[in-house]
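The structures come next, written out as structure tokens.
After this come two complexes, each holding subunit A, first together with subunit B and then together with subunit C.
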Partner chain A sequence: MNHGGKKIFYSIVLLLWAFLAALPFLGFSYGVVWVFLLVVYFTLALSYDIVGGYLGYMNLGHSTFFGLGAYTTAILLNQGFNLFSALLGALLLAAAFATVISYPLFRLRGAYFALATFGLISLIEVLTTNLRDLTGGSGGISTPPGDHTLASYYLVLAVAGVTMVLSRVVARSKFGLALFSIREDEEVAKAFGVPTTLYKGLALIISSVPASVVGGIYVWNMTYISPESVFGLEIALSPIIMAMLGGTGIMIGPLVGAVFITLVQEFLWTEVPYFHLAMYGTVLVLLGLFMPGGLVRTRWLKPVVQWLGLGEAVDYFENADAERIS
Partner chain B sequence: MAMNSLLECREISKIFGGIEALTDVNFKVESNSITGVIGPNGAGKTTLFNIISGALHPTDGAVFFRGKKISKIGPSRVCRLGVARTYQLVRPFSSLSAIENVLIGLGFGRAAPMAKKDRVDEAVRILRMVGLEEKMNHVAESLTLVEKKHLEIARALATAPEVLLLDEVVSGLNPTEVTRTMGTIQQIRESGITIIMIEHILKVVMTLCERVMVLNYGVQIAEGPPKEVVADEAVIEAYIGRFEDAQEGFHA
Partner chain C sequence: MSTDFIQLVVGGILLGGIYGLAAFGLSITFGVLNVLNLAHGEFLMLGSLLSYGLFVGLSINPFISAILVIPVFMVLGVGFYLLLLKPIMDKPPHQLLVASILVTLGASLFIEDVTSFFWERPVTGISYSLPPIELACVVISSTRLLILLFIFALACAMQLYLKNTFVGKSIRAIVQGREGAKVVGIPISRVSALAFSIGMALAASAGAFYVTLFTVTPVMGIPLTIKYLCVVVLGGLGSIVGSVFGGLILGVAETLTAYYCGAEWSPTIAFILLILILIIKPEGLFGAKK
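Right after this comes the complex of A and B.
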């Protein structure tokens, strides 16, 4: 039943990716910069959603992984490592960090978890500001110069694609099902044998990986970062707003949210020159009030999402013969 | 003899702050039987279930399953050993479909996990047993109360339990649903699963249970075959009070 819809969705995604890949050759140089940032935010939103949406723990400190990844990559690049080993180092450090913090943090729930993770950003920011020899302190850090606009653009597209696949694979796996059950009722999940502590930690580690890699690509593109630029409020909250307004817990949600928010921002920026931030805030409040489940769960979009085979309930009978169902 | 009982509670006490929810509760459950736990509200019935299933640790005493102590090993391990439960106030995984709820039990609640390809078939078989086959792709949230209760039974059955703890699965249902649910419980028992059930509807307890245990203020006041237990004076007093008390109240 869903086969037609699914094929259409994959075709749309492939076409979109093909279009984005062709963008630099179509002469939109501003578009390339714009899309680069959009995809960075999208990847952050999508990886945030593994903990924030699937597991139901609001991780306000998700950008810590981004910042850690960015700084590690910058430092390793300055030490003469090539980009891929630098990114690998960033990934491993972020994953190790996620492992270490998962145990104490996941003893908290709800608002306490959200606040504790939010505090994590400041913690790492203070560290980077004060470890002057390593990070350049508040003055920031520069990487070996060079124009990597195009290469980083393709790299971030690839990472976003892999993250989409990862998010999809997790959602359709037994592990993903366990994450959903923890979101719904952790105590009952535990009573039915779900290894909650282990799985919560794994979810955090998995979600830290794309964020740290994207952070590395970001610094490679920008060639300069400061504590404020990677540990700021903008980078901390925007991806979360995107995921929540698009719809958490479904892969398509962060995608819709990221595109929508960026378009709204861009529109307000140019059309409402002095009040764009106020307008942006108003739009967010209105969306939160009237679309609590996110854009993809609204009356108009939900049927489309379901038809495309991207809904929440997994159809277990794709290949089943009719006999088994009846 | 002690080794023959499948599940045994030895001198279980549970104290919450200053309140003694359970005091020295002792009972044994034989294999392939249905045991009823009755008592007025607040008697400690659900607390007892929480202790057997490992969600709470007893303050004193211990629970033994097949002669092995299962208190203080945590609910996950108790579940894998073969003791599954349902909840009085239903707690299905709301946003997951019925079949996914069952798949959680199948995938995580068993000592020996089932091969991936067989899991869906087994989940459908279990849902058919409780009459939820038609609704398997429906989100749990959208089910009616009776369907949610049946879904909880299905999720518990999915863990291949030897002992099934049913916490008021019949209460709150209409007469037709009660009859159907009783049929399901019989069927589960016939498949070789031992059942302990908390229930308020005496008709159900009298029909289904071989033995009944009565709790009042955390104290076990009677235990035995249902016919004897309902004739027991302490039980009648716990439920409707003493005759003399009523007379005194009348004169005052």
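Right after this comes the complex of A and C.
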């Protein structure tokens, strides 16, 4: 295939990363806070895509892992653990949670799976609100104070980089191929000997890990969270909209989506104080009506993506005829 | 203790009627269009607000508004279908799934945000009640009993309509097999529009009753849709009887949870029931085994 294009793509990504890493030294203090959030969303979008794009199951409840990671980290930090063991704890808890829920939830397909996972967020939100002794209830929880803006910025950049590599490795592996086959036709995949239940569970666990770690870094930076701030609609939907807007099932999708949403936010959000949710809603409706394949699959961007040597995942949307809603 | 228990179960059944009615609407939409309407709860919320407005503004009895909202929301439903769903119906299944989730979720967020902009205060129910009935040491709210009877009559009428009329039969034919229905010449698009508008009208009608019992807020739509999803899965996908029974079960379960564990835990029970039924009997209580 086109190896020159692929090299260019990797160079662009590396340059972007280098630029973001240099950002604090260029004197954009507002930019650092802003890019931190953007990278958090981007990482969530990318890890969502492992289940939502590669496997083809729309996990609207992806932010559950983010919230769980944030709360676990906050509680462990308050217990006197250092950051890395707290993040490890968050990661393990989220992975364990993913393991437990994957069994019942993956019995649902299509829209039912999407809605049930969406319901999972409110279930965990109710749990965190009610378990007052552990989580501080609806008043939220604070972590030991300190200015971690710069450290958490680099940490989240590193995690995003690792997630990109992880996403690429999964897409390239035999396991990733099995996930694609489940997306195309689960029954056929099963007939060909793909252990579908196991692989669906594994995909959910893998996607839960970056989300929970990012949640931990988020609370370390913010030093305060409430159930609303980590289980709210904004954090639940932004990453998914980024992934869908860019294009699911392909790594460049969330990247394009993240850049696009950021530009929209910068020009629209700050100008109009109301109707943010309604604008998200309109974006979703327009996406659904006109380009469910995302920006990278539109007539204008598709040739570019193919030239960059990432074309293999672009084409699937045209010939997808898998029966999803059974 | 046992009197309490019976009292709670009766209360739960009366509450479950409303859940059943709305879930029935969700189920019929899904059966015909193969689209899970994530904006279903929003229509219930709008139906509640309309019924509240009619009660406060024109002092119209909620039972009458429950009928009045039906034609209004059927028209809205046809509009919603033509504008947002018809353009995506011909896509292949996987694209239809993604597109339908995006469109209905987007519409749901849009309705929620716009409504909460214009309606800042939550509506604290309609103060409409009739004297309670006391029956062998169990007190029954006669308002709720009437609501349940009304819903039962509506469900029976729906069932008769689906069983006996030509249009009703074509709706069921599409549920059973879309391709086959197309082959025998059923106008899929028109029947789908009708089925969608019926589903929406049932949600709005349930909403008219909902406001007599609960506080209505613009943000309640999505949580309610999730609750009705639980009811539909509990009863069995595509089963109309199932969704009514699922509603009754959830109503009783919620009332019991609120009494024995505290009201703050009752939102969790729907999801716990969903998980349980998925582990024990994934096709639902009344669902056909695939």
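Here is the rule we use: the second predicted complex is superposed on the first by the 292 of 326 C-alpha atoms of A that agree within 3 Å, B and C clash if a C-alpha of one lies under 4 Å from a C-alpha of the other, contacts with A are read in each partner's own complex, and residues count from 1 in each chain.
Note that a contact is a pair of C-beta atoms (placed from the backbone, for glycine too) under 8 Å apart; a residue touches a chain by one contact, two chains touch by 3 or more.
Just so we're clear, the structure is a prediction, and the values are computed from it rather than from any experiment.
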| item | value |
| --- | --- |
| Which of subunit B and subunit C A:304 touches, first, second, both or neither | neither |
| Which of subunit B and subunit C A:188 touches, first, second, both or neither | first |
| Partner chain in contact with A:8 - subunit B first, subunit C second, else both or neither | neither |
| First (subunit B), second (subunit C), both or neither touched by A:287 | second |
| Between subunit B and subunit C, more extensive residue contact with subunit A | C |
| Partner chain(s) touched by A:177 [first = subunit B, second = subunit C, both, neither] | first |
| Partner chain in contact with A:118 - subunit B first, subunit C second, else both or neither | second |
| Set intersection of subunit A contacts, subunit C complex versus subunit B complex | 183, 317, 324 |
| Of subunit B, residues touching subunit A in the complex | 53-55, 74-76, 79-80, 84-85, 87, 91, 93-97, 99-100, 103-105, 107-110, 116, 120-121, 124, 137-139, 155, 159 |
| Residues of subunit A defined as touching subunit B within the complex | 174, 177-178, 180-181, 183-185, 187-195, 249, 312-317, 324 |
| Partner subunit A, residues of subunit C touching it in the complex | 30, 34-36, 38, 84, 87-88, 91-103, 105-114, 117, 222-223, 225-226, 229-230, 233, 237, 264-265, 267-268, 270-271, 274-275, 278-279, 282, 290 |
| For the subunit A and subunit C complex, residues of the former touching the latter | 56, 58, 60, 101, 103-105, 107-108, 110-112, 114-116, 118-120, 122-123, 126-127, 129-130, 183, 233, 237, 244, 248, 274-278, 280-289, 292-293, 317, 320-326 |
